[in-house]
Amino acid sequence: MTRILPCLLLLSSLLACAQDQATRPVKVDVSGAWILREQIFDEVQTHRMSLQVSRLTNRVTGQVGSSKIDGTISDSHVSLKMLTSNGRVIATYTGEAKDGGLKGIGDWDGTKSQWSARRPVIKPEGSPRTHTFTPTEFYRTFSATTPPVLHIFPGDTVRTKSIDAAGTDENSARRSIGGDPLTGPFFVEGALPGDALVIKLNRIRTNRDWAWSGQSLIGNALAPDYLMNLKRVRDFNSRWKIDTAKGTVYLDAPTNPLKGFSVPLQPMLGSVGVAPQGHNATRTIESGDFGGNMDYNQIKEGATIYLPVFHDGALLFMGDGHAAQGDGELTGDALETSMDIEFTVDVLPQKSIGTPRLENDEFLMAVGIAGSLDQALQTATTEMARWLEGDYKLNPSESAMILGSAMKYDIADLVSTQVSIVAKVPKSLLATLKHQ
Amino acid sequence: MTRILPCLLLLSSLLACAQDQATRPVKVDVSGAWILREQIFDEVQTHRMSLQVSRLTNRVTGQVGSSKIDGTISDSHVSLKMLTSNGRVIATYTGEAKDGGLKGIGDWDGTKSQWSARRPVIKPEGSPRTHTFTPTEFYRTFSATTPPVLHIFPGDTVRTKSIDAAGTDENSARRSIGGDPLTGPFFVEGALPGDALVIKLNRIRTNRDWAWSGQSLIGNALAPDYLMNLKRVRDFNSRWKIDTAKGTVYLDAPTNPLKGFSVPLQPMLGSVGVAPQGHNATRTIESGDFGGNMDYNQIKEGATIYLPVFHDGALLFMGDGHAAQGDGELTGDALETSMDIEFTVDVLPQKSIGTPRLENDEFLMAVGIAGSLDQALQTATTEMARWLEGDYKLNPSESAMILGSAMKYDIADLVSTQVSIVAKVPKSLLATLKHQ
Amino acid sequence: MTRILPCLLLLSSLLACAQDQATRPVKVDVSGAWILREQIFDEVQTHRMSLQVSRLTNRVTGQVGSSKIDGTISDSHVSLKMLTSNGRVIATYTGEAKDGGLKGIGDWDGTKSQWSARRPVIKPEGSPRTHTFTPTEFYRTFSATTPPVLHIFPGDTVRTKSIDAAGTDENSARRSIGGDPLTGPFFVEGALPGDALVIKLNRIRTNRDWAWSGQSLIGNALAPDYLMNLKRVRDFNSRWKIDTAKGTVYLDAPTNPLKGFSVPLQPMLGSVGVAPQGHNATRTIESGDFGGNMDYNQIKEGATIYLPVFHDGALLFMGDGHAAQGDGELTGDALETSMDIEFTVDVLPQKSIGTPRLENDEFLMAVGIAGSLDQALQTATTEMARWLEGDYKLNPSESAMILGSAMKYDIADLVSTQVSIVAKVPKSLLATLKHQ
Amino acid sequence: MTRILPCLLLLSSLLACAQDQATRPVKVDVSGAWILREQIFDEVQTHRMSLQVSRLTNRVTGQVGSSKIDGTISDSHVSLKMLTSNGRVIATYTGEAKDGGLKGIGDWDGTKSQWSARRPVIKPEGSPRTHTFTPTEFYRTFSATTPPVLHIFPGDTVRTKSIDAAGTDENSARRSIGGDPLTGPFFVEGALPGDALVIKLNRIRTNRDWAWSGQSLIGNALAPDYLMNLKRVRDFNSRWKIDTAKGTVYLDAPTNPLKGFSVPLQPMLGSVGVAPQGHNATRTIESGDFGGNMDYNQIKEGATIYLPVFHDGALLFMGDGHAAQGDGELTGDALETSMDIEFTVDVLPQKSIGTPRLENDEFLMAVGIAGSLDQALQTATTEMARWLEGDYKLNPSESAMILGSAMKYDIADLVSTQVSIVAKVPKSLLATLKHQ
């Protein structure tokens, strides 16, 4: 029996040991935190799971999502029941502890699932870290199937760049087909479906001296009789000059009436998003609950973005920089240019949000994204009401007093299939309320 | 013939005299400016008309709207042809100069009209004047049939008061049924259909120490699933205290979480409008091209409002004061209270505007009012494009550069049948453009 | 005292008798049915009221709307309290019985009202009657201030005519300015606010051999990019020929590709409506809960229309006949022509409906009218759900089974400020349900 | 060297031959039809290409899309210029004929592309064929990355089955997670981007005796005040019985009022779609220009569907059968059940359509799919106008006459992110028009 003892002590090489002892039963300790992955047909879900093992009885208890776990472990074989809070069995899992992980078959009222569990990844030494990432490929689709370009941890900062909406970089070199090619995706370790991803934009600055824009107003922002009588202008030059010294942007070769016309330089990112739900793959010119092309001119240096997480690692993309943009991105393409970007990520575990949220020094902001402005406004108002009701424990009349007396709306984006409206509440007014 | 002399002297009774002298022709001088009123079936239209008479030939020439006039006068009988710019006759008028006016019958390609003309009213001595008007009756309908309470002239200033949306005045006395009872209508001499009425709000101040608001959010601003799960709060006390010293408003008897919650006092008028087109009579809770219940929180002290004129005298109403209001008036009734009002009017002859316009120190603003936000936004954007294209002689791509890079939207009103969105352009950016 | 006795017996000449006895107090019998009219500030309301008098005690009890009445009568002086169902006093009325009516002052918690009551008008001998009405004036405004052209009773039938949308009659004579001039208003005796007016269209037939239509599609039914590239056709001849023998309509002078193109003759009324709520006056080209220009091609011979009543007598207008019309009236003006009309009216007392309802042999139909199609659909669906839930005592899931499996929608009207969608349920499917 | 002769003759085995002769340069004949595939960054495009080779000069001419081709071939090396119609060079391609195909590098004004070309696949002997396909896997995403389950040719017929929206098959066995799992994708040989895919539904029949539906109306079809006051019914049993003998469907365990309520059995497919544009992957509960979950109750036996093709092979999916459905699928889930399906496909090369089109014995139908009903209607009307203007060479006023007098709308689908409206024109009315 002498060989066994060192084995039991050497827990750091549990696997080798277990294999070594395959001929004889050995208790594997499955206690602690896990990431559970289960697949039923083509549906994959990932959850945080915690297990506790009673050494004496081999009973395993635990929690996954809102379900309790009750089961047994015998050597490496586990058998787990998932129970509702009032004790009804909703699924039974059997499996094996192997290679430091768990793996097996589930039964959901007759429907089979494959499941596996792995230990959460540990933050590396020296965290939080700052990464400098120079993109070489750019993606025009938000998708969970795109391989991540970088794995980062909550607290980490990334310094990177984005090219413009037509695929041209800071050296005016063509790097991609147009249509909002983005930088990323960044895999944020520890971000799981049901969490909120936090992205703090530390620095968003233009990195070349020109931008280009659309040449005319988008049709859906104009009345039919205006459109029917519109005399379109041919060959209008809509290239802009970026003057960082003066902090302004102006047309490079203005027509006579616009000589002297300039607007403040206000660098922003048109698109910040994560991989959308399930098998969805969405063009980066679109937006949705995953964020994306919200084209909101307040997504700029100093802003913090909260996005729902739908996949392991969240898979964060960003880009589509604008040197300046009026509300709604009325020329279809705003003042498109390349950007230097620095951002810091964080994860709020199990913070369920229905739609992107933003925050800056002044405002809490909820972004409503939908197929019409009327519906986008409903989404934005509702999300803001829920935000206040949730975080400050207000009833619907109490939140109504705040929204009715002080909430403001911005119209963020009018381009593409979905439009977006932002509901915003001054943070100063919430100072006396008790955050829960 | 002794009877003739007193007649010639008594010019104040021209009519009697003219009739008396019917046997002898007398030339009436119809030269100069007129206000023409014509009626075809139940349709009444009013226009500025100018006539010139050649003493030698009795030929009458002139202009009304875009039509040229060519005719003759013989004694008091006039015969006029209305011609298009290329000389086609569109109507013939015959009539008589009588009692200082003109009156007769028109023929529009077989359809008869009654027409009459009067001399424009002259501004009184001492103009511009300041009127103090204490309202005793309040109207809940925008209508041209409401008798005016005061006749004023361009340049005049009016000091008056409004009661709150429920009909309660500054002494907390009930003065009307609820539903936005307004002060007015003020008849602005010289304002004619096709003109723009200008209303400068010099002073808009609350004049009592309380307001009341709705108790919950309006349904159309909320998502269906929120509404289906809403637990409404009973007997919520939504009376507010106005603290003019501190410049804040807060709930009078707040529930626990809202103790300490207050918003800045920002007095505004929910409703400023003129009599709507034709025979329309519209509840004052509604809005439209005539203005009305736009519920825009920037219609406050310092703002200038431009409204299209549809009737002789414009017939201006105002009221529905709010001590403060978030965008959209989300509680249906904002912080409703009574107001002290001072405003100055002006008239821009033949300045055709499609929808209400506003101006303050910072912005030009066009109000889009329609049955959905999507349509209201189209109206607002289009009106702003037309404003810039008209006043600064820009082509559609030039106006697109300004709108695309710098225009902002506000969502003004979400209550009632029509909603409103405001498109606004910073005036500072237009400084280098040449106003035509 | 002998003279008093016959008086008390001769109740049929109450008034004469009361006057006769004016020198001496006489008990006036106020028992029975009344029409109560009350005015608070500028708000007028009319209700059915019933009173019962106890001969012994002079106590007066009764009902008005949902309020109970409790009061006294002393000679001709009445004093009445209005009470909620649980006995709380909401108003006190005092007044006098005089000239067969009642008249006095009310007090609503400090706010004064004027009230009066009259006996309901009795149906004349020979009812129901058929009236032939030849209109001489036409109205382009739905308004309660328009004097009625004919007083009719429930059950009565009217034979009349309408002119076309441009004001031209069956003899091609110009009778009005264009803009949907309508025939009426007809005052329906006994129709009171809160009732539903029933209009059965017995006969709707074209009465001349031509129609005219718009020449191009309306802008709001077309996509922006189509509008921006539209090459409008000049001088297109859109006069149509009505061939009643063949039952078809075709272009009078078709361009080459449309030679041979014809559509079935399907005469309909574009506009049927009553005077709108309160002081509102609305152009006849508009629609709303009062009906109006719904432009629904199923409002034709054989259809029954139910409209909410907002004013004493309802004040029914109709016209805007179309020889044929696709859904939505896409050319702005459909195949406009004059009509022979025969309809029969009825009144459903206190049948509260939120929006116009229709019925024909096949369908129950609810018309949703709003500022956008999305909202119009919500109104139509909701009204149909309420119709089924009310008339068949269904819960929301039961009505959902019917609507989800069998309801159809028609898009009725896309022209003007409000659009309309019709929700319709086949009556055959409701045959087994129990009407309450 | 006798072996060479048969080789040159045996052009049917060009590839084997070419390899055989690799040591000596041989002229490869690249004349004829090709399928060109090119990739620029992550953008892939496929086009039909035709080449003609002059034997004498080695000059290669041809056509791809709207571009002319002019180049040379030397042995197996090709060098091609793509030119606009007026001769401007837009790209140059160089490459090699190898293994029966072509392959090389392109240069688009400095941007590199990879290109390759293959010969079109030839229809097999015995075409058209009828395939019986029994699905074993079901997909809940429209995506070009899903491997096709069957390759079919234009003219071929497929007999297959679909499971219900919750994943249950005709034997009531669970086969997939819910959310409209579909059968397919079918790869249609010869279908290329820019073509229209034609799907004739020969037979759509329920194949089990039960269905299930949602239990309440969807929120977005109801007015806010109805929703706020809704008393939801718990545990309502919405399982339906399908009685194919009687051709009716009725609740399995109806509540009292619905005993006797039944609706006609009208089997339809809720979802028929192709792989969407580019890298998009879209849940099968969604719809778009690719078709998908249009939930239109006229997509049933006898209907023909036209869908735009975005990828090589089109990749056709279908399923989501409903035993019956009212307009809009108001219960969110209609009467969901499994289906027997038989359909025949065809391809219309380079028939560009903007949105799905349908046809049955009675109507031409264009499906407008968008984020709001107002926008969906614009899309549907526009597509129908374009259909008529394109196929019958009508000007906009001529198409307006048809749409205005005779077009009808159906509201197809109100569920999910996009809603759909169908514009339909009776084919009988088009009989006299000349199809181009």
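Letters are used for the chains, namely A, B, C and D, taken in the order the chains are written, and counting of residues starts over at 1 for each.
As a convention for this text, a residue touches a chain if its C-beta (ideal position, glycine included) is under 8 Å from a C-beta of that chain, and two chains touch if they have at least 3 such contacts.
A quick note: this is a predicted structure, and the numbers were derived from the prediction, not measured.
Novice: So which has more C-beta pairs touching, A-C or A-D?
Specialist: If we tally the C-beta pairs in contact for A-D and A-C, the bigger total goes to A-D.
Novice: Measuring between mean CA coordinates, which chain is farthest from chain C?
Specialist: A
Novice: Mind checking the centre-to-centre distance between chain A and chain D? Centres are C-alpha means, answer in whole Å.
Specialist: Here chain A and chain D have centroids separated by 32 Å.
Novice: Give, as an integer number of Å, the spacing between the C-alpha centres of chain C and chain A.
Specialist: About 55 Å, centre to centre.
Novice: Mind pulling the residue numbers of chain D that touch at least two other chains?
Specialist: In chain D, residues 220, 222-224, 230, 232, 372, 374-375 touch at least two other chains, as defined above.
Novice: Can you list the residues on chain A that touch chain C in the complex?
Specialist: Touching chain C from chain A are residues 218-220, 222-225, 227-228, 230, 232, 372, 374-375.
Novice: In their shared complex, at which residues does chain D touch chain C?
Specialist: Counting only chain D, the residues touching chain C are 213-217, 220-224, 226, 230-233, 236, 238, 249, 251, 255, 257-263, 324-331, 334-335, 372-374, 377-379, 381-382, 385-386, 392-411, 414, 421, 429, 432-434.
Novice: Where on chain D is chain A touching in the complex?
Specialist: Chain D reaches chain A through residues 40-43, 110-111, 138-141, 143, 145, 167, 174-177, 181, 220, 278-283, 370-372, 374-375, 417-419.
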